[in-house]
Amino acid sequence: MPVTPLVRVQSEDFDLQAESLRLTQGRRDVGALVTFTGLCRDEAGTLAALELEHYPGMAEAELTRLAEEAVARWPLTGLTVIHRFGKIVPGHNIVLVIAASSHRRAAFEAADFLMDYLKTRAPFWKKEHPAEGGSGAWVEAKTADDKDAARWT
Amino acid sequence: MNIRYFAWVRERVGVEEETIELPASIATVADLITHLKTLDDNHAAAFEEEDAIRVALDQMHVETDAALGDAREVAFFPPMTGG
Amino acid sequence: MPVTPLVRVQSEDFDLQAESLRLTQGRRDVGALVTFTGLCRDEAGTLAALELEHYPGMAEAELTRLAEEAVARWPLTGLTVIHRFGKIVPGHNIVLVIAASSHRRAAFEAADFLMDYLKTRAPFWKKEHPAEGGSGAWVEAKTADDKDAARWT
Amino acid sequence: MNIRYFAWVRERVGVEEETIELPASIATVADLITHLKTLDDNHAAAFEEEDAIRVALDQMHVETDAALGDAREVAFFPPMTGG
């Protein structure tokens, strides 16, 4: 029977260690744990923060649909998806996906799949707050993300 | 019908949410967009780049040819940039 | 310039959180962090522990060679490989790979590549200690692992 | 030459490590394996499944046709099962 994924949409940060332990502690059937953490970056030094807008209700629902697709496709022992919203400064966490499985290939593929799909389907939008002040621009969706998502169809 | 807007669609329309009585002739999302564009300049500006708009009906992604049916909520927003 | 990977071969456990923070803290250029944790598993309930034998010196050297190949192939901002030896009981950690990059595809692929190559090239051998006592058997290498490694050539 | 054994190769030979004077005729890893098999029953048993044996010369993987050259250490072991 497929596992029930844990999905959370929250403004507060998440704890990689605690979320990983939740999927492994006291178990003997987990052989592979893959975590993906997406962080706010700013190589140019021009970004004060990202503002993440989301569609409350649909964000949780869509992430749950994607997570359920992953547990149906791969033999996972656990799956966690956490996406933050609100203002996030460079160097801080935005998203966490953790896939646990008996075997490494399933864990890698499920985490990779979820990130690709989440980018193109989860209702979140990023606005840039420039370091020099003033009103920022909305981040544009990348066609590369659509291509990445198309790898799994 | 309850209509929600997000990101720059929200900024252009000028409201997060509105409730609109729909003429009986409106059957699909595309019909609704055509109707909204006639409301005022803000709506017209928001839906100007119609190809850039994504739609959810009762919090599920749909294409613009989807029938509104008895959906209670429709949302318009740009392509998503989460993750 | 490619980063210098951190490679450790040790009997003690590792700390996922501390190792992840080492690659992200105080930086603004990391957009993606992928971690792979390999754990000792025992679905059948027949295993008391795995004994991991290694070739001291060559284990570090070979993991370093593989890690350097990864940083040459992908644009990483950081890479960590930790492999344990000695007796490891079910549910406990064996190996950790962390790849950090500006972009998620590089981080995923580098971690995936390292695990595949590590399985077939790092000089470690697992012996099973059965739960019911007595002398155990050496784990046999899997041809699936060779195929996984061949994906990257 | 210093010779090291790991995993079941070590168990069959009965030692972790030994130093052996090599006849001048031994040029390659394959020559060395042929020589080791003649030493005693333990060595013969260890190298019985020759295809299952992997080799490192000065801590680098090599094939059995590799020349020993002036390597100081050779290691024999089964296919690796780390990770």
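The chains carry the letters A, B, C and D, assigned in the order they are written, with residues numbered from 1 in each.
In the analysis below, contacts are C-beta pairs under 8 Å (C-beta built on N, C-alpha and C of every residue); 3 or more make two chains touch, one makes a residue touch a chain.
Small disclaimer: the values here were computed from a predicted structure and weren't measured.
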Set of chains whose contacts include both subunit D and subunit B: none
Subunit A and subunit D: spacing of chain centres that average the CA atoms, whole Å: 48
Distance between chain centroids, defined by C-alpha means - subunit A, subunit B (Å): 26
Inter-centroid spacing, subunit C versus subunit A (mean Cα positions, whole Å): 23
Per-residue multi-chain contacts in subunit A, two or more chains: 38, 104, 115
Where subunit B touches two or more other chains at once, by residue number: none
Full enumeration of touching chain pairs: A-B, A-C, C-D
Subunit C - residues contacting subunit A, complex: 15-17, 20, 24-43, 45, 90-91, 102, 104-105, 107-108, 111-112, 115, 148
Of all residues in subunit C, those that touch subunit D in their complex: 38, 52-55, 57-58, 61-62, 83, 94-95, 115, 118-127, 138-141, 145
Footprint of subunit A on subunit B - complex, ascending: 4, 6-8, 56, 59-61, 75, 77-83
